[in-house]
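Next come two complexes, and both contain chain A; in the first it sits with chain B, in the second with chain C.
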Partner chain A sequence: MASKIVKNHTPLFHIAKRDELPFYKSLLIRIGSIVAALIVCAIVIIAFTGENPLSIYATIVEGAVGTKRRTWGLFQNVAMLLCVSLAVTPAFKMKFWNIGAEGQVLMGGLATIYVMMFYGETLQPAVLYPVMVIASILAGAIWGLIPAVFKALWNTNETLFTLMMNYIAIQLISYYTYVNAVPKGSGQIGIINSDTKAGWFPSLGGYDYLLNIIIVAALTVFMFVYLKYSKHGYELSVVGESENTARYIGINVKKVIIRTMLLSGAMCGIAGLLLVAGTDHSITRETAGGRGFTAIMVSWLAKFNPIYMILTSLLLVFLEKGAIQISTKFQLNPSFSEILTGIIIFFIIGSEFFINYRIMFRHSAKKEVK
Partner chain B sequence: MIASFIQRAVMQGIPLLFGSTGEIITEKSGNLNLGIPGVMYVGGISGVIGAFMYEQSFEDKADMNPFLAVLIPLLCCVFGSLVMGLIYSFLTTTLRANQNVTGLALTTFGTGFGNFFGGSLIKITNSDIPSITLSSTSAYFSKTLPFADNLGWVGQVFFSYSFLAYFAIILALFVSFVLKRTRVGLNLRAVGENPATADAAGIKVILNKYAATCIGSVIAGLGGLYYVMDYADGVWSNDGFGDRGWLAIALVIFALWKPKFSILGSILFGGLFIVHNYIPNIDVSTQEIFKMLPYAVTILVLVIVSARKKKEHQPPQSLGVTYFREER
Partner chain C sequence: MKNFKKILAVVMAIALIATVFAACGEKEPNAETPEGKMKVGFIFLHDENSTYDKNFIDAAVAACEELGVEYVGKTNIPENADCYEAAADLADSGCSIVFADSFGHEQFVMQAAEEFPNVQFCHATGTMAHTAGLANFHNAFASIYEGRYLAGVAAGMKLNEMIEAGEFTADEAKIGYVGAFTYAEVISGYTSFFLGARSVCPTATMEVQFTGSWYDETGEKEAATTLINRGCKLISQHADSMGAPTACESAGVPNVSYNGSTVATCPNTFIISSKIDWTPYFKYMINCVKEGKAIDADWTGTIATGSVVVTEVNEQAAAEGTQAKLDEVKKGLEDGTIKVFDTSTFTVSNITDTINTGAVVDADKHLTSYKADVNTDAAYEKDTEVVENGQFMESKYRSAPYFDLRIDGITTLNEKF
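Take a look at the complex of A and B:
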């Protein structure tokens, strides 16, 4: 057999795992991938609008930060996406695929709106706000806890479990909005407490969303410290790397799974609180707006680092707002932004390969022989 | 009433059946493709684009060639979903990207793609029609068996569907057979259970993963096409397809990774999906509670399957894990 093989047969190239790449190099690869993605996006945009790409990028910037109002909207959206991304991160680091953030956010929002509607008039603000916070955290945490318990008990597939929990949450919202619809039968509850503003987040210094942004900034710092410097953060990353190792060094894996999902759900609950009490003052099936899914990509692209997440969520929201502006200007469908988001994410996750692996061609192998 | 309920349930179930058959093939190769909802959107809209172009090229819709009217959307749909499958395979198998993230990105992209073209097709082609209504094409797609009307309820329950619906059922049986009884199926299952062992045994792991994912995507895409052309009578409405893609993924678990079970499962899910329309004297709000049923049932099955730990009911062992030959 062996004699039949051509003498110096080596494959054209082979792939090997890299050691840690220097930071600037991996950064260059990432930036390169984003640039490549933007070029592809430009081609797509030109194909549909026939405009020159520079004016299109100008439109994107204008749509994202063109006016003071838009800039605030941008920051608000970044903060909300960041909040959900932070929430899913500890679970991901543990390799627990919580794709139920959407549902956990909605449940937090549902608890908030329930308190606002039925206790908004009777409770003093000093009591009302804490009750809202506790209710939303509890609701989100419970929604995260249920799949975690089954995962810990029987290793039930959490990806699909959390996914299904989303739809149960969505239907609960539907039920709630039909029952409490204003006017009756419309299926919507509209903006609540608009005269008393009971339970609404106050606007700081005239800026409506400032409080949301401050809260999310605080959460970002908290999550950074929690993951990097706390014992909990260490334990969950060990569980994520290898459950057997975790067990061997005496970490109670089940406890870590449940505790981490409680935290993840609770933070999603806070996101729901911010969306309902701090932003919409209402609730619909669309309140979470797909952020639960986008957050997974934000967190993954940022390599679970809360500080990078600010950048990745900014990138995605910026693009989304810009694409919406393009679609309004050229009378296209606003889903345009999702196409662009998809393209960019494809490129960034594709680029990870070049960071983690290197391709070695045949001639480089010869050099080593010399 | 019962006959019409079953008929509607089957029609609801067929897209799910296509989706879950496709996803089962994909998952058997160890790829958990969460992009199936996106793939089904792309399959649907690609067919719509093809049919739209073909219909627009005729002044009088009666001149359309029935054979081409079916073939063109079908080929467009296959092409669109094949591209989606290739994107997923390239990213996860060749570039070893994370499957969940890739899948979700694919879903974002696919639903965006569907809604974008659904909402902008008229504007892009400068047509002067108010909405995308492909009733002529749909008429060819939803042709039922000619003798169905004469058979009363038997005809309604068993023979009142279009060719794609029967194709879905035959396909599911065929896939079941291939997976269980043939060498190809055995190899594919080996790749999904333990790619390293399969590789050592000389099975082409990468080829199997690519083929399974792409074939799976194409089958799932047909579900999107069936939905638009038959169920929705050729009318594309944005987000009309809804969460059916996720339900198809749920159905995979419900059917315990066996396509022949998903035939009954899909009809059951279809029934659960519409049962709220058939229960007398319930108000709108209670209907919303009934709409939870398919999801709640899936969770229940998921929990029971995982608690019983029966070997033949488990997901493929390497599901969701990227294979890298040089590892270790």
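Take a look at the complex of A and C:
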């Protein structure tokens, strides 16, 4: 064998870029990767815990959709993660590395809770809700605008800039909850307006989260259309591919950067609104819950396609909900579930490699058979 | 083909969502486990890596095992709507009691309590049950200030030993304390600790550094290091990570811990730890439900109920004779001859519009009257007189501590938390 290789100068295999695969084939590869991930997870489960992998998988499903309440919780969480993912997408498509969604969401939430606390009693609902919406959008948009302006005018590093803006937002929340804490000094503001429910999102048909879900569904359609069919969407993707090309064909790059980040920040602000007025009715440093970072993964896994993002955010939330149930039922540390989630995501990302490239094995053996 | 691909993706997304809905629709929550065993649900803010939560988890598992009920624990539940979801989910799955361990869980648990009137909801460290008027919502705490006082005595003896050994003079006997927030629970804790220390080491003073978080390993480590650099000879803490104890171990400064022994990580510096043992309360609440009795709206554990305990003394770090002295003081606390917040043992001279507001003191600056904010409200209304017979009556009107006076001898380095 070895002598043959030397003779032919052919490596055992080499990698080549594929043409676009037919849909069913790429689907098969994706399904295959999930099956492979589950097999690897099973080995890890048996090796480390001695539990039956099938019962662990059943527990994941049970934890995610085992009861009506869990299913609603699942969709609520998918909606929230999807909302932040939609928000970061235009910026990422423009290759503007906005890792400040966490802070932008928190600022939207802070604006919402401020309006609820100090104007909840005085404003009529017909005025209060629009004020909350505008305040949250403005707060998120400003938090997104600041790094965009610096990037557009002075070419600062947006990754560091947006990251630092997160810390400022978190500290502002800390300060706000310190000043308004109940009881004094506890650093917690608790549930706001629990008796009057002023500024709370109404429950539709008895479902508390339905309004959130509907709003995010509408935003998904909006973002799909915006990216796919609007001039803005086209311009930002050109800026993302090549700034020089964009300049050459007469796109005002600075304007596009600022406009896109305004949109990105505004949508994060809406996510903050939904989390505060539609979910928690309170705010803490953890209100965004890391979604600003998870959203990046959701967006990339879906290749910036808002419709695919429904699937990727569903996958991540499904696994997260399942993880909680695993640690409850088997009394395993939650970190163990995170290992499983990591393996599954690793395989899914890996499958993209096999969809875009193919591995060509040396042909000589086949020829002989022929 | 391209269009087909898109349509297929949408169809698949819808199909997936539909299956998910279909999967969930039918299942009804079952009220009892197959064996008919009673189920008790627990909600924890973190997992066993937090000393605070570990203390609860250990007690919960022990109590459930002893009484033969099924333990269902949910860890890492944040203080937001997730907590309500977790509580409601535990009630759905047939738990007769749902317990939550973190202060910030309270209102979300109350939300679930309103929805499930037949399930008992218990919450540690909360302040609202005695005024909420919810028959199935209950608070619990323990007179941990007694445990802190005992731990303080051990700290004072250590200071004395170091003074005698000539490591520093009596005037330099400064204690450092890492606190989470300027919240009554923390203030009550460090004040009782300080009073314990000063009862044996009269020249002791204390500095307090707040972190603004109940769990911030880096922040707590930094705060402890700051205090050590400021000349503190001994450190204690009221925050939930291993930050302060490990900072002490690496600096070689004695540490009095909280929530449980840290001797395994800090063999050279750990002296003693006070903690609340929640097992008696868990047994109490489970037995109440078993026997069909009502659970107290506001339950306070004490040294006598076995709720307030101190760990074993670490001979390697503690002063000689610590255990004997602690036994003596503990007896005094139990029979009432020693009162932690005896107003003759401390003075209050800083009375302003923001600090110690409303405190009345005599010519020697000893407290004679003070109203505390016992009934929680947004205006912090000071509603209840708590000084009686020369004593600040901590945990009498509500289990969660309300001692929030800044007494002389303790300096807070940063108040804005």
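Criterion: the second predicted complex is superposed on the first by the 342 of 370 C-alpha atoms of A that agree within 3 Å, B and C clash if a C-alpha of one lies under 4 Å from a C-alpha of the other, contacts with A are read in each partner's own complex, and residues count from 1 in each chain.
The definition used in the following text is that a residue touches a chain if its C-beta (ideal position, glycine included) is under 8 Å from a C-beta of that chain, and two chains touch if they have at least 3 such contacts.
Being a predicted model, the structure only gives us computed values, none of them experimental.
With chain A as the common reference, the superposed partners chain B and chain C clash.
Of the two partner chains placed around the shared chain by superposition, chain B is the only one that A:154 touches, whereas chain C remains out of contact.
Using the contact criterion defined above for the overlaid structures, shared-chain residue A:65 touches chain C, although it does not reach chain B.
When the two complexes are overlaid on their common chain A, residue A:15 makes contact with chain B while staying clear of chain C. Shared-chain residue A:345: touches chain B; no touch with chain C. Of the two partner chains, chain B is the only one that A:337 touches; chain C does not reach it.
Once the two complexes are overlaid on the shared chain, A:178 sits against chain B and chain C alike.
Of the two partner chains, chain B is the only one that A:296 touches; chain C does not reach it. Once chain A of one complex is fitted onto chain A of the other, the partner contacts of A:52 are absent, as it touches neither chain B nor chain C. Of the two partner chains placed by the overlay, chain B and chain C both lie in contact with A:187. Steric collision with chain C, judged by C-alpha atoms after aligning on chain A, is confined to one stretch of chain B among 127-135, 145-153 or 217-225, namely 127-135. Common to the chain B-facing and chain C-facing surfaces of chain A are residues 174-175, 178, 185, 187, 331, 333-334.
Chain A meets chain B in the complex at residues 15-17, 48, 97, 99, 150, 153-157, 159-161, 163-165, 167-168, 171-172, 174-175, 178-179, 185, 187, 290, 293-294, 296-297, 300, 331-339, 341-343, 345-346, 349-350, 352-353, 356-357.
For chain B in complex with chain A, the residues that touch the partner chain are 32, 34, 87, 91, 95-98, 100-102, 104-120, 123-124, 238, 243, 246, 249-250, 253, 283-286, 288-289, 291-292, 295-296, 298-299, 302-303, 306-307, 309, 315, 320, 324, 326-327.
Across the complex, chain A is touched by residues 1, 4-6, 8-10, 12-13, 16-17, 20-21, 23-25, 27, 29, 47-48, 72-76, 78-81, 85, 88-89, 92-93, 103-104, 106-108, 111, 127, 180-184, 186-187, 212-213, 373, 376-378, 380, 404, 416-417 of chain C.
Residue ranges on chain A touching chain C, taken from their complex, read 22-23, 61, 64-71, 73-74, 174-175, 178, 181-188, 190-191, 194, 279-282, 284, 286-287, 289, 307-308, 310-311, 314, 324, 327-328, 331, 333-334.
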